[in-house]
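Listed next: structures, encoded as structure tokens.
There are two complexes below, and they share subunit A, which is joined by subunit B in the first and by subunit C in the second.
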Partner chain A sequence: MKTRKTEYRFLMPAIVVVAIMTQFPFLLTVIFSTLRWNLSRPDLPRTFNGFDNYLYFLKIESLQHIPEFYSILWQTVLITGVTLLLCSVVGFILALLLDHEIPGVNIARTLMLGPFFVMSTASGVIWKTTIFNTTFGWYGVIAKALGATPVDLVSYHPIGVIIVLFTWQWMPFFILVLLAGLQGIPQDLVDSMRIDGVSWLQGVFKIKLPLIMNHMRVAIMLGLVFLIKEFGLILVTTAGGPGTRSYTLPYAVYMQVFSANNVGRASALAVMTVVLTLILVNLLYRSIVKRNARYS
Partner chain B sequence: MKRNAFVLVLIVSFLAIGTMAFAGGAQEASGPVTINIALANNPISQAMAKLVQSEYKAEGVVVNVSVLPENDLRQRLTTEASTGGTTYDIFYIGPYEAQTWARNGWLENLEPYFDKLSSEKAAWYDRDDLIKGMADSLALDGEAFGLPFYGESSFIMYNKELFAQKGLTMPMEPTWDQIYELAKKIHDPSKGIVGMTMRGAPGWGMSGAPFVTMVNAFGGRFYDMDWNATVDTPQQRGAWQMYKNILREAGQADILSYTYNECIALMASGNAGIYYDATSIAPPLEAADSKIKGKVGYVMAPHQALKSNTAWLWNWSMGINPKSSAAKKAAAFDFMLWATSKDYVKKTVDLDPTGSSTPPASRSSTYELPVYAKAPYASMTLKTLEGMDFTKPTLEPVPYVGLQYIAIPEFADAGTKMTEYLADYVVDKISLDEAIRKTQEVFEQVAIDGNYKK
Partner chain C sequence: MSERTLVQVQRTIRMRHLWKKVLMTALVYGIAIAYFFPILYMFLSGFKTEQQAVMPAIFFKPTLETYRKVLSDPTMYQYLRNSLFQVLVGTGVSLLLGVPASFALVFGRLKHPESNGKFYLWFITTILLPPVAVLIPLFTWYQQLNLINTPYGLMMAYVGFHTPIVVWMVHSFFSDLPGEIFEAAEIDGCSKLQQLTRIAIPLARTGIISAGLLVAVFIWNEFFLGFNLTGNPTATLPVYMSRFREQQGMFVAQLSASSTIAVLPAIILGWMTQKALVKGLTMGAVKG
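Then we have the complex of A and B:
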């Protein structure tokens, strides 16, 4: 009993530091989210207004006038979901390709990882100006050379553009994790697979994929956390536009603070984003834990 | 105020991107008075940053100048002013800030300082020479809170060569209907000719600037005298449709990615017929590397239901931080007089005869200087400037001031939202009804949240 108490006391400083570093800001956000507080209006009093900030986003007055929050939520889910799907499917296929010991595979692996190391704002600017621009960009030049009229993709298909860029940026991460998984499969298992005459498809989907399922889950879970808060790429490419067609929750929070100066509403939106992310991550995490329990 | 600053530091540091410096107000008791000013990184302001070191002489005063990117500057100064910081003694701002800051008590009233001026100094400064619209935009109830350093209005620029080829003439005071018809006639996609270019990128200071003057011209307004939002009116609808029709039927292909930089590039390449934008854009079109140098015509900003005062007004100006010490304030005022004086204007012309570092649109006398008088855009710029009335922006009375914006703190956000819906509507993602309804709701919400509506 006594040793336990000592251990606890040793841990205290670390716990306090971690709690202050991680939980205090969140707690403050929760408090701010209940205030009516506009930074640009110092003449108005800061008052407690309960859940008004949340209701501002959530309240549906009639079915014709559904608040923008829901479309932003849907866009966030759509962008994150489709990107995760593309990243895991294509990432898995590419990881399979890179799992062969052929000459130059290391160069290929390094090149595939390239996009992951480019700053997201830099890659956004590059894609927007040198690729998607209808006058100077490769896309515009190629489309014109083929006799087609280039469509301004950034304005007319903003979500598609963002999904492509997110996938381009985050797929290497998936390849990295999945490749590690594939390389961790024991060689004797692969050998016995061959001896037993397993076809390539069976080998991939019935043996390799189940074996690296945990890697896949981890990649998806981390990818979800990264993607849901991805912000720079949206800012420099579509800037949420046209209209609010490519707003995501973090971008909406940013606009509430830095454009509207509305601390109360921004905090409410931030709290809702955190809650949503926590729920999703928790679901994924549980499925991993459950699976591990079953195997052990 | 201290608690205020503390709380702000906390939110900014956890929600935010970037770092922010809260310098403590280091007050020196004796010795030379140091005044600090941060300027925006545009060419004319940077020219001043250079001139200060070599030309500004005042006994016992040291002027520290730093130059920041426009957005950084705006954000930093807003934080500074709202939290009562004293990092900067002079705030380098625009009329949008000046109006609300003066009301919030974040700027020093300059009238007492003017009253104390000696008659020689007052005659040297010649306050009446400041362009009235510009000075008004920095005043609250007739009392000055800032002095204009340089500014701009808006007008139509057109490619005379393309007009001559099609046998078209541009009226001196065109209506939006005429501009639309002319733009359609010039537009020729097969030859890569764009009829008319305008800012399309959303943002209250981006597409919002030409668009709100268009709303004013069409007789629209954003609020009635009781602060009821009046976006859903036939006048506003007319402006929304006109903006879309011009850009969709005769405008650039990637409408929404065009800021003024892209517009200037397009216009200077000789591939655009008409361009509506700031008067400060004319010099680059007349620069040596422009393909249309000497071929640009200039006429008044288009009107429609409202016959005059349909251009916009912007300036960079200087105001005094009320939290600075009295000695610093006096030094700051003296410095501001120097920077906005006729002498300063003359000095810049002497040092750079092209006039590209001379502050335009602050003083009428600037346009009598030889370098300006012979520029092709000079007379139209002056005519536009003299026709501006910052306080009566619309056909029907409104409870706000401001030409291409409404001078309330919430407009930066509401105006940006409006241009986002406008962009959405221009590329057919939403209908006009939906765009108007959403914008109406935004402005109505602003009136309620901001306690404007009684």
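Then we have the complex of A and C:
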């Protein structure tokens, strides 16, 4: 009995702190989402208004006026989805490349890992000024040298820019995890592949990829969880613009609190962000479990 | 086939292999350098003067002038100090809470045998929670309690979000330790606390250190909470970077020098943790 007490003494502080700082505020957010509460109108009482905050975003009155929420939702899914796709496909190819025995390959691996640890606001500002800028950036200078007119990518292709930057930051993580998987494949398997005359393409897609599917799953899952909440990079590159064309859900929550001062609606959006995260994680998990079952 | 031609054939095969290797090496290095280029260029531009930095160039006469200017700016120090506080205290408290908790989860006998797994899962699901889900209540509390202008409010939020990551990673490192050691220690009259501090922590030292370094990197880079839960006196470096263009204007050299200061510690710490990062983050999930 006495030892059991110490075990709870080890466990409880962490549980209490995590609950107070994360779960309890989330419950409050759920409650706030059912209130009419506008910070810029302190004269109005905070009243319960059921699902009005949700309906404000979700209700489609007519097909001509589809609420902005749907385009923001679509942008969030698009940015996250395309980034994850690029990261897993290109990341897998690069991991295969880095799996070779090359003199000093660790230096190359280390260099490629770098962007993952760069704070998103810094990478956004750096890319925006030294690469994408039409007069001072490399893109502008190279485009002019080639006789083309550089366009302001950040305003014309905001989603593309965000996807490129997200991919740049997250692909190193995919490479790291997939490379660990590739290096975990036993050497005698690779040798017997060669002896049996398996072609390179077959070896990669029929043997290596299925073997590291679990690593892929982990990378995609973590990438999804972290990408969906990304905020800083969007703020410093496109600031959600032009208009709301590169808003994502976290960015929309931020704008609802700090520009519209609408706590109720912001909370409803925040709850829907959590729901979206859970749905996507769940879908991903299931699809991959199914796939695994087929292979084993 | 005569002996001579055999040698020749062997030589051509070897040459072909060599060429393949040279090409592969060039390709890998080319890609790696291109990938790293934005960071490399930022690092180089910090050693330029503003006039030099206007036009992109890789070769130039380096100067420390810009760094001197950036480091003589007292606001930069304030942001740096705030970031260091969050990283040191936030990481420290997260480890202090997370390491004993994961010890109890791996080796402890809780009331119900299935509790260990349930609590562990609870910590993991907390990682899924995006910070937007907690921002609004925390923001309203912090405003009422005036925690916005102290570093402690943000620090507590960081502890709440990073303790689960510590639990997750350290759990996988503790799971590698053989349970018999602790049974033997138990019989020898070693208390749970002694088992943790004298046996488990020293044995899983490298894993715990890398979990700490990874959390340090996460906190150093965290922007969303740092931006929304701080006032001017408590804002951290990522906030400084986000405000750079509006406050300092378009000064490429200054921007590069400041971002180098903001980015380099995280990259170096990150490089140090890379092995443990893969192991800690994937082990549970890959096996499970």
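Simple rule for what comes next: the second predicted complex is superposed on the first by the 263 of 296 C-alpha atoms of A that agree within 3 Å, B and C clash if a C-alpha of one lies under 4 Å from a C-alpha of the other, contacts with A are read in each partner's own complex, and residues count from 1 in each chain.
The rule is simple: a contact is a pair of C-beta atoms (placed from the backbone, for glycine too) under 8 Å apart; a residue touches a chain by one contact, two chains touch by 3 or more.
Remember, predicted model here, so these are calculated numbers, not experimental data.
Looking at the shared chain after the overlay, A:Lys229 reaches subunit C, while subunit B stays out of its contact range.
By the document's definition of touching, neither partner reaches A:Val164: not subunit B, not subunit C. Applying the stated contact rule after C-alpha superposition, one finds that A:Thr29 touches each of subunit B and subunit C.
Of the two partner chains, subunit B is the only one touched by A:Asn38; subunit C is not.
By the touch criterion defined above, A:Arg245 lies against subunit B but remains apart from subunit C after alignment on the C-alpha atoms of chain A. Residue contacts after overlaying the shared chain place A:Ala14 against subunit C, while subunit B stays out of touching range. In the superposition on chain A, A:Leu94 contacts subunit C only, with no contact to subunit B. Annotation for subunit A, partner touching more residues between subunit B and subunit C: C.
In the superposition on chain A, contact of A:Leu211 is made with neither subunit B nor subunit C. Of the two partner chains, neither subunit B nor subunit C is touched by A:Met193. Contacts of subunit A with subunit B, set against its contacts with subunit C after fitting on chain A, overlap at residues 25, 28-29, 32, 253, 257-258, 263, 266, 270. Across the interface of their complex, subunit A is touched by residues 8, 10-11, 14-16, 75, 78, 82, 100, 103-104, 201-202, 253-257, 409-410, 412-413, 416, 420-421, 423-427, 429-430, 437-438, 441, 449-451 of subunit B.
Contact residues on subunit A toward subunit B in their complex (touch as defined above): 25, 28-29, 32, 38-44, 65, 68, 128, 133-135, 150, 152, 154-156, 239-245, 253, 255, 257-263, 266, 270.
Per the touch definition, subunit A reaches subunit C in the complex via residues 3-4, 6-8, 10-11, 13-15, 17-18, 20-26, 28-29, 32, 94, 97-98, 100, 102-103, 105, 107-127, 129-131, 136-138, 141, 168, 176-177, 180-181, 214-215, 217-218, 221-222, 225, 228-229, 231-232, 235-236, 249-250, 253-254, 257-258, 263, 266-267, 269-271, 273-274, 277-278, 281. Subunit C contributes residues 21, 24-25, 27-29, 31-33, 35-36, 38-39, 41-42, 45, 54-56, 97-98, 100-101, 103-105, 108-111, 119, 122-123, 126-140, 156-157, 159-161, 163-164, 167, 186, 191-193, 196, 217, 220-221, 223-224, 227-228, 237-239, 241-242, 244-245, 250, 252, 255-256, 259, 262-263, 266-267, 269-271, 274, 277-279, 281-282, 285-286 to its touches with subunit A in the complex.
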